[in-house]
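When the chains are written out, they are named A, B, C, D, E, F, G, H, I and J in that same order, and each has its own residue count from 1.
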């Protein structure tokens, strides 16, 4: 089941750089594991912003919430979620 | 070069149904040709709305504008365009 | 899987009353069937508006989209969808 | 009398973790007591956010205000309130 | 139980003047009856707009909805409703 | 001359509680004096918020500004002002 | 007593040109009479828009409302009103 | 050449009162000199807010920018600028 | 003197195509004359929209207003104007 | 390939002046190098604001992102990006 998720990152300047770097490294590892698992099939950077547009493919709403709130950068993010489904004009439809 | 494009369709009730159906059929054919050409790699329906979230992969801004304004449903659409680039955490990066 | 759906109805004054009444009767029957099927467990009227706040319980995003776009009043509605999940403080949690 | 209440929680990073955990524990106990009393019949988590959508069933506006402002997390919440009533298509109507 | 209700009136220019005048006369009579009944204790005109700020005093949400949707001008109004309660600094408090 | 004034209070958590309590006590006394003087005929609490909806009855714009900026909580408030006048349907009109 | 009033004019294309010209001529005469009377001391055109920024000097809210709703273009205007008073740094203050 | 400029002042509570008073005194002197020079012909206080509505009469955009950024309170202001010109109905037009 | 002007074109579907084509041809000729005169040094199309971003170089506000309101497409445009001046980091500064 | 980029600068008052001056000097040098390279052909100051409107001419989205995120003032900026292309009425079109 697909969702578009947009994440805007706002790391406060008061966070020590070493700590911020550590969180970012964990975020990258966590994201890449989910990408390899097929849960997070797409992630793109928004030009000019510390933000991304992502597509998640999860079993249900609960799984998506669990994944998002476990993001190492979650406390510093604004997140919007939009449920998607098959577009009737898509050439990739399974039906 | 990647862009997220969001399209909201508003067909006026004054448009005769036969004409609307004809435009939608042309839109579907046009969209599927661009998908097969690799210019329009993703299109998803937004749940509960006559709208889509799409990813375009084009040579430049000019090509994207030419493609979008040639959409048969273009006169009935609100379109927003957001330029994307590689996310440093993506496992699909080419660099 | 739960979703909050808010629907705002805007029936144009140009729609003949008999036709509007027919659509509303179909909407009521369609809604009540979905309520009896357990797909639409809650529907409330927003005070002072021709609008409702609803909770849907569906198998997935696709089913929700199919249900919503088949609403007889769909062409006259503005719809917003928000995915929900279990709240850790709820006394009704299944886990 | 029914109200939809949406609560967005913003705990400042300057609040010590032990204190925050204590407030959250009190919030959970307070919420569950109101749920058992039938005053707070529904609470759902919004996917991807530290927020909830709730339905309250209270005697009047004053009772709702008293309940909400006594929430242990109240100082850290943005709250919106929308009065609801019976929807004529609901199969649960009492009239 | 008190509510602030704000009403913005938008009568379409296509409505014949005689019909509009008839609706306005019915609106005035309906409003004044509710004022005399104590249900609609305050109504003020917003300077420079075809709009009003009103205070309603009703038994519950359902009664307010019934009153508002029966306004002769209801089909031409945008209405917002805000539940109020006693202010602790008011000199008119009953407690 | 009537005005609707809406006040939203945001007391920063850095303000010591004793100081905040002192300001609130002064605010209450100041407000009640103005109510007794007939300058501030109505004040209601907005349900679920640290906010009020008020009606002021003053000689002119200048007097309203002087009253509002002298509120002990003024430095912590967001204030919106809307000029009102008699509604032609009011049963309390003086003309 | 001073007010800033901003007026945005939207004349529908369905209004016959002769009728529109007649309304505009009446608007100009009406505005100039009020300017000569000192009620409407300033009117400026907003660059690039069919809109103006005006200052009114009236006895009270009621007079302003009466003046504005009698504008020949009133049915085609969006109007916002903001009460003003003396600025303590003004060199024109009367106190 | 005329511009409407709206200034909203937000002095942080962390600024020492003596320093704030000094800046305000400089602001007043600076403003009054520009008023006497005819560059800043109007300044009004917005009722209920630490804000003003002003009219500037300057040689060009560059001069306006230079004047505004030299305001002693500039670091604490939100400023919006709107270019104005003669209104064809004004009785003060020079043409 | 420089201004950024953004124009959004909304031609109603009720305008006959021959008339729309005639207006567009006049718009193009008018725009190109102003470009050749140096009054309208830049015009770019916004990707995916019937809109442009333009830079005007005019003597004063009045000239800009006269130019914009004489655009053949003016009745079908939403226009926003923003005054610009030299940026201190520009390598093209004249001072 | 052209983009309109708007940058709003918000330097926190907690940043020491010497450090802020150093960042601004680096920003100016960096900007001027990009201007000389033809990557940043236009930069204008927005009147009354610490903000600019810029035009970038880059090879692709990725290059624009790399340039923007390397701005010395980037951590203190809000940036919006809008892709542009040739306007059919421009006298500078290359086709």
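Quick notes on this structure:
Simple rule for what comes next: contacts are C-beta pairs under 8 Å (C-beta built on N, C-alpha and C of every residue); 3 or more make two chains touch, one makes a residue touch a chain.
Only a predicted model underlies this, so the values are computations on that prediction, with no experimental measurement involved.
By the document's definition of touch, common neighbours of subunit G and subunit J comprise H, I.
The angle needed to superpose subunit A on subunit F by their Cα atoms is 145 degrees, rounded to the nearest 5.
Of the chain pairs G-H, G-I or H-J, the one whose interface repeats that of E-F, sharing more than half of its contact pairs by residue number, is G-H. Averaged Cα coordinates give subunit D a centre that lies 29 Å from the centre of subunit E.
Computed centre separation for the pair subunit A/subunit I is 40 angstrom, with centres defined by C-alpha atoms. Subunit C and subunit D, compared by their mean Cα positions, are separated by 22 Å. Residues of subunit F in contact with at least two other chains: 2, 45, 47, 61, 64-65, 81, 83-86. Chain contacts in this assembly follow no simple pattern; the graph is neither a line, a ring, a star nor complete.
A complete list of chain pairs in contact reads A-B, A-C, A-D, A-J, B-C, B-I, B-J, C-D, C-E, D-E, D-F, E-F, E-G, F-G, F-H, G-H, G-I, H-I, H-J, I-J. Touching subunit C in their complex are the following residues of subunit B: 13, 45, 47-50. Interface residues of subunit F facing subunit H in the complex, by the touch rule stated above, are 5, 12, 61, 64-65, 68-69, 75, 79-81.
Interface residues of subunit I, counted against subunit H in their complex, comprise 1-3, 60-62, 64-65, 81, 83-86. The part of subunit B that touches subunit A in the complex is made up of residues 2, 4, 27-28, 31-32, 35-36, 42-47, 52-53, 55, 82-91.
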